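Both of the next two complexes hold chain A, though its partner changes from chain B to chain C.
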Partner chain A sequence: MSLQIIINGLALGSVYAIIATGFSLIFNILKFSNFSHGALMTLSAFIGYFFAVTVNSSLLLVVAISMLAGGLVSCLGELVAFRKITLSNTSPIYFFVSSITLGTLYEGIVTIWVGPNFYNYPRFFETTVVKLGSIVISKSDLIMFVSSCAALALLMLFIQKTKFGRALRSVSFDRETAGLMGIDVIRIIQLAFFLSGALAGLAGVFLGINYTLYPQLGNLVVKGFIASVIGGLGSVFGAVAGALLLGLTETLLINFAGSGYAPVFSFLIMLVFLLIRPQGIAGSNVQEKA
Partner chain B sequence: MEFYLSVMTFTLISVIAVTGVYVLTGLTGMFSLGQAAFMAIGAYISGVLVVKVGLPFALAAIIAIALSVLVGYIVGLPTVRLRRDYISLVTLGFGEAITALLNQMQSITGGALGFSGIPQKTTFTLAVASAAVCIALVAYFKASKYGRQCIAAKSDELAAKAMGIDVARIKMIAFLFSVAVTAYAGVLYAFYTTYVDPGIFGWKKSAEWVIMVFFGGVNSLTGSIIGTAILTALPEMLRFAAEYRTVFYSILVLLIINFKPAGLFGEYELSLKSLGIGREKKNAA
Partner chain C sequence: MKKIVALLLAVLLLFSVTACGGGSKTEAPSGTTGENGTSGTEEAKGDIVIGCLQDITGVTSTLGKMVEEGAKWAADEINANGGVNGRQIKVVTYDTKADVQEAINAFKRMCTTDKVSAVIGPPVANIGIAIAPISEQYNIPVLHFAIDDRATIKDDGTPYKNMFLFQPSAKQQAAIMAQFAVKEKGLKKIGIIYNQSNAYSVSLVEPFKKVAVENGGQIVGEVTYQPNDKDFKTMLNKLVSAGAEAIYAPNYTQELILIVQQARAIGFNGPLICGLDACPPFPKLCGPEADGVIYINNITETEPQIQDIIAAYKEKTGNDATNKFFLGYDVMKIIASTIEKVGDDPAAIRDAIENLTNYEGLTGTITIDPATHQPKGLEMVMHEIKNQAPVMLKRYSASE
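Moving on, here comes the complex of A and B:
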């Protein structure tokens, strides 16, 4: 029984990790909390859904389309909502409002497009569970966990080993100096937005499969935010650790008290964490930079 | 006439809520995405106290505001010392938690079906008077020592600290003040519509208020109020569909942020002086 909870918790945590990582990428590079991330998840999940319905495609293709759509929309969003603020170097407050507004815009577009209804992805597999002895793992959980791990591993490899990854890290560290060193800062920011959007697409599809697809699906982004607060804002590693921890604790608590209270638990977990260790697991920037 | 009166009452209630948001966002530079949850707390507590306990309206309102401030203190305690992103992330989680609680505690709140049977106590006159008092309080707060400390902390926290301002304390004061004002707006709302349900107090509502503040001008109380009045009343009058309204809002605000970041009113504040009457004329004479 307890092993079952751990497995379910890890599967849930892996989706939270994808959300939290996408959020952290932007936080790292532009130092603001991107509140449009949730609505972007919904938007790209819906694009994937309508693709799946019209073309009758496999899950892999749907994921790919959603990720691509998420990435492209994210880049477009950067151009419309953040480019001018980045260039003019005004107060980070404006990033904030821009991202909230952009999120509202995405959600409004989705609501107009699909209406307030609930949608279900077509069934992608014949059997829905895998049995390992007494443990039952739902196939979607398994695929969710495996592909989240794969996506995160690829991302880490990209950030740590490639030329673009190095540029990304240096722009995150100090945008101006990186620019002076000949890095095309705007292009790197766009790259970060593309990656973050692609992760939003991935998370959106899995959340849509796990729950149902509806215009407010993006509200689940709160879990990702909470995970990155627990992990330490802006740290990709912390985000993953925080997400797994949140997924496990939440599954455990839900097991005792019912799923309706899940948001209350995650909020309390976050509050306790902030009181005990405000810098998060990874321990990064908690104070306002001068 | 009835319809216009109701639109105006709703607009006034929104104005009250937004003056609270203005203290937090405009003056202190913090964003609360759980502000609507405080409105929900004010609405539900006062409603339950009147309907189920039988307290008089005024007493219930005072208790509701006090309890909201207490809850706000608990939420604010771990966050005011940290960078400003935390308060928005924490309040976002808080808002979701409150919505879930309201949905779950069916025996008290009526769950997702909502809580009804609240007597209608909010009149147009009460709304006007309340809005006037709240605006006056916030204007006074802005001009006071605290308001100036807020503005200093917003512009540069480190410099404000160096000048001897207790930044964590001033952030907390601003947060609690805004919570109290918003909770009061919740009380008025509940006793006007006579019915509340958890769905209307999500983070979207909080985000909408932030957007209204920025539409009018983040540094101007006058701008925030007029911005709210325009963005609340106009779509109601024109009978826009709600979905189109949010899209319309968002595009408008994106344009403003891109091309006129200070908002419609910039730093302008309406006062007797700026209208060219009152003191200046006396001086001239």
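Moving on, here comes the complex of A and C:
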């Protein structure tokens, strides 16, 4: 039974991890929490949905389309909402305000486009379960967990091993110096937004498969935010660790204390982290937590 | 220059805010069958105005829109046949957005500004309960579908004078579901999962438990969740490991889809017993996991008296008429036939509705009990979903 709870927690945590990673990528570079991320997840998930019902309903293609759409919309969002603020080098609070506005815009577009109802993706795979003794793992959870791990591993590889990844890290470390060293800072910021948007697309499809699609789906971004605060804002590794921890804590709390207490405790844990270890689990750079 | 730009932007913002804040009222004037036909047509003097307080854009909009469609369909039929005593019926719909505060404001506006003769209320318990005490101030009857007793009956056991329920109450529906599950299906060990903050769900739990236990059933576990919960696997696991053969889930459709899908995903293949929310279009929305779901409905889709309307509605809109459509339809027809007899004075309509007997509607023979303002002996039908389609199992008279 308790192992079953841990498995459920890991499955939940893996989705939170993709949200939190997309979040921390942007924090890493521009030092602000991008609250349009949630609405972007919804928007790209819906693009994937309409692709699935009109063109082709293979999961792989739908995920690819959603990720691509998420990446492109994210880049466009960067251009419209953040570019001017980046260039003028002003306070991160403007980024924060701008991201909330952009999120509201995305959500508004989705609501006008699809209406307030909820939608269900076409069936991508049979609902079957894998049984290991008394432990039951659903196929959808398994696919989600494996894809999340794969996506995150690829991202880590990209950041650690490639030239662009190195540039990304140097821009996040010191934007001005990186610029002086000949790195095209704006291009790298665009890259970060594209990656973050693609992760939003991936998370959006998974959330949609598991929790149905509706215009407020992106509100789950709060979980990603809590996870990245616990893990250490701006650290990709920390975001993953924080997300898994949050997923586990939530399922344990639901099981032992009931669902009413789970969000209360999640926020308490976040507050405790902010009080005792504001740099989070990973403890990377931390200044503005706008 | 910068100041001018800032000023222009401010003006633009102000303009966009005022442009968006125009309210959410729609009217379907007599004779037109289209939507939003507010302007252009000359409003014939002496139209009978009926208010329709429904969720059109919120989380329960699938229900509210269907009630509105049914009511408008009936009004169009009546208007096409010359109206009521030579006057046309005009339906004024306000969108509650499933929000209690919006609903209260809209209800007050209907009663004071639009001067409606009667109001068709929502099939949403939280809103019904909020409207009930306010309805006492206005002498306008509200014909609604909120099955929680508190939307019709006061704490002292007497009914709110203007509130009338037009489908069996939560107690009656829960009793039917419990009887069917325990006696008919032989399901003895039942687990319960429900939304703690939804009056509708809560109102269906206690009477179900009572009747199930009286009939020899056993409640092996009970879990509650919050409105924002999306992951029910751990809660469902708890019920399954407590030995539940069946799971009772009286919740709204969107949550129900997740609950049913996740129950199957953790390997639970037993029946789930659900309320009205598992009626079509639920089986299609949920997919193959819906097979084995048992639910209650006001009608069964194969009944002969509704076939013509189902076909006509499908032809005109391309959509399927659900149970809420027929509730809205019946209530509009009841209002019209009452006005035909007593005129459009709201107080006279109220008195006549209180004594409504044996009205032959599409959802059954409707008699209102003056002591409770709820229908007496109206039938409900238990169904099971097989191959993603409803199969009628047993018809019950809501007698309790």
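Keep in mind that, in the parts below, the second predicted complex is superposed on the first by the 275 of 290 C-alpha atoms of A that agree within 3 Å, B and C clash if a C-alpha of one lies under 4 Å from a C-alpha of the other, contacts with A are read in each partner's own complex, and residues count from 1 in each chain.
Simple rule for what comes next: a residue touches a chain if its C-beta (ideal position, glycine included) is under 8 Å from a C-beta of that chain, and two chains touch if they have at least 3 such contacts.
Please read all numbers here as calculations on a predicted model, not as lab measurements.
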Just checking: does A:I93 make contact with chain B only, chain C only, both, or neither of them? Give me first, second, both or neither. first
Contacts of A:S33 with chain B and chain C, given as first, second, both or neither: first
Is it chain B or chain C that touches the larger share of residues in chain A? B
Does chain B (first) or chain C (second) touch A:P278, or do both, or does neither? first
If we overlay the two complexes on their shared chain A, which of chain B and chain C does A:N8 touch? Say first, second, both or neither. second
Of the two partner chains, chain B (first) and chain C (second), which one does A:K131 touch, if any: first, second, both, or neither? second
Tell me the contact category for A:G103 with respect to chain B and chain C: first, second, both or neither. first
Could you tell me if A:T212 is touching chain B, chain C, both of them or neither one (first, second, both, neither)? second
One more residue to check, A:I254. First (chain B), second (chain C), both or neither? second
Should A:N120 be classified as contacting the first partner (chain B), the second (chain C), both, or neither? second
Overlap of chain B and chain C contacts on chain A, residues 219, 260, 263
Chain A contacts chain B in the complex at 27, 32-33, 35, 80-81, 84-85, 90-91, 93-94, 96-98, 100-105, 107-109, 111-112, 216, 219, 222, 225-226, 228-229, 233, 260-264, 266-268, 270-271, 274-275, 278, 285-290
Note: in the complex, chain B contacts chain A through residues 29, 31, 33, 74-75, 77-79, 81-86, 88-90, 92-94, 96-97, 99-101, 103-104, 156-159, 202-204, 207-208, 210-211, 214, 218, 243-244, 246-247, 249-251, 253-254, 257-258, 261
Which residues of chain C touch chain A once you look at their complex with the stated criterion? 57-59, 61-62, 196, 223-226, 228-231, 233-235, 237-238, 241, 254, 257-258, 261, 264-267, 285-289
Which part of chain A faces chain C closely enough to touch in the complex? 1, 4-5, 8, 12, 115-118, 120, 123, 127, 129, 131, 136, 138-141, 210-212, 214, 219-220, 250-251, 254-255, 258-260, 263
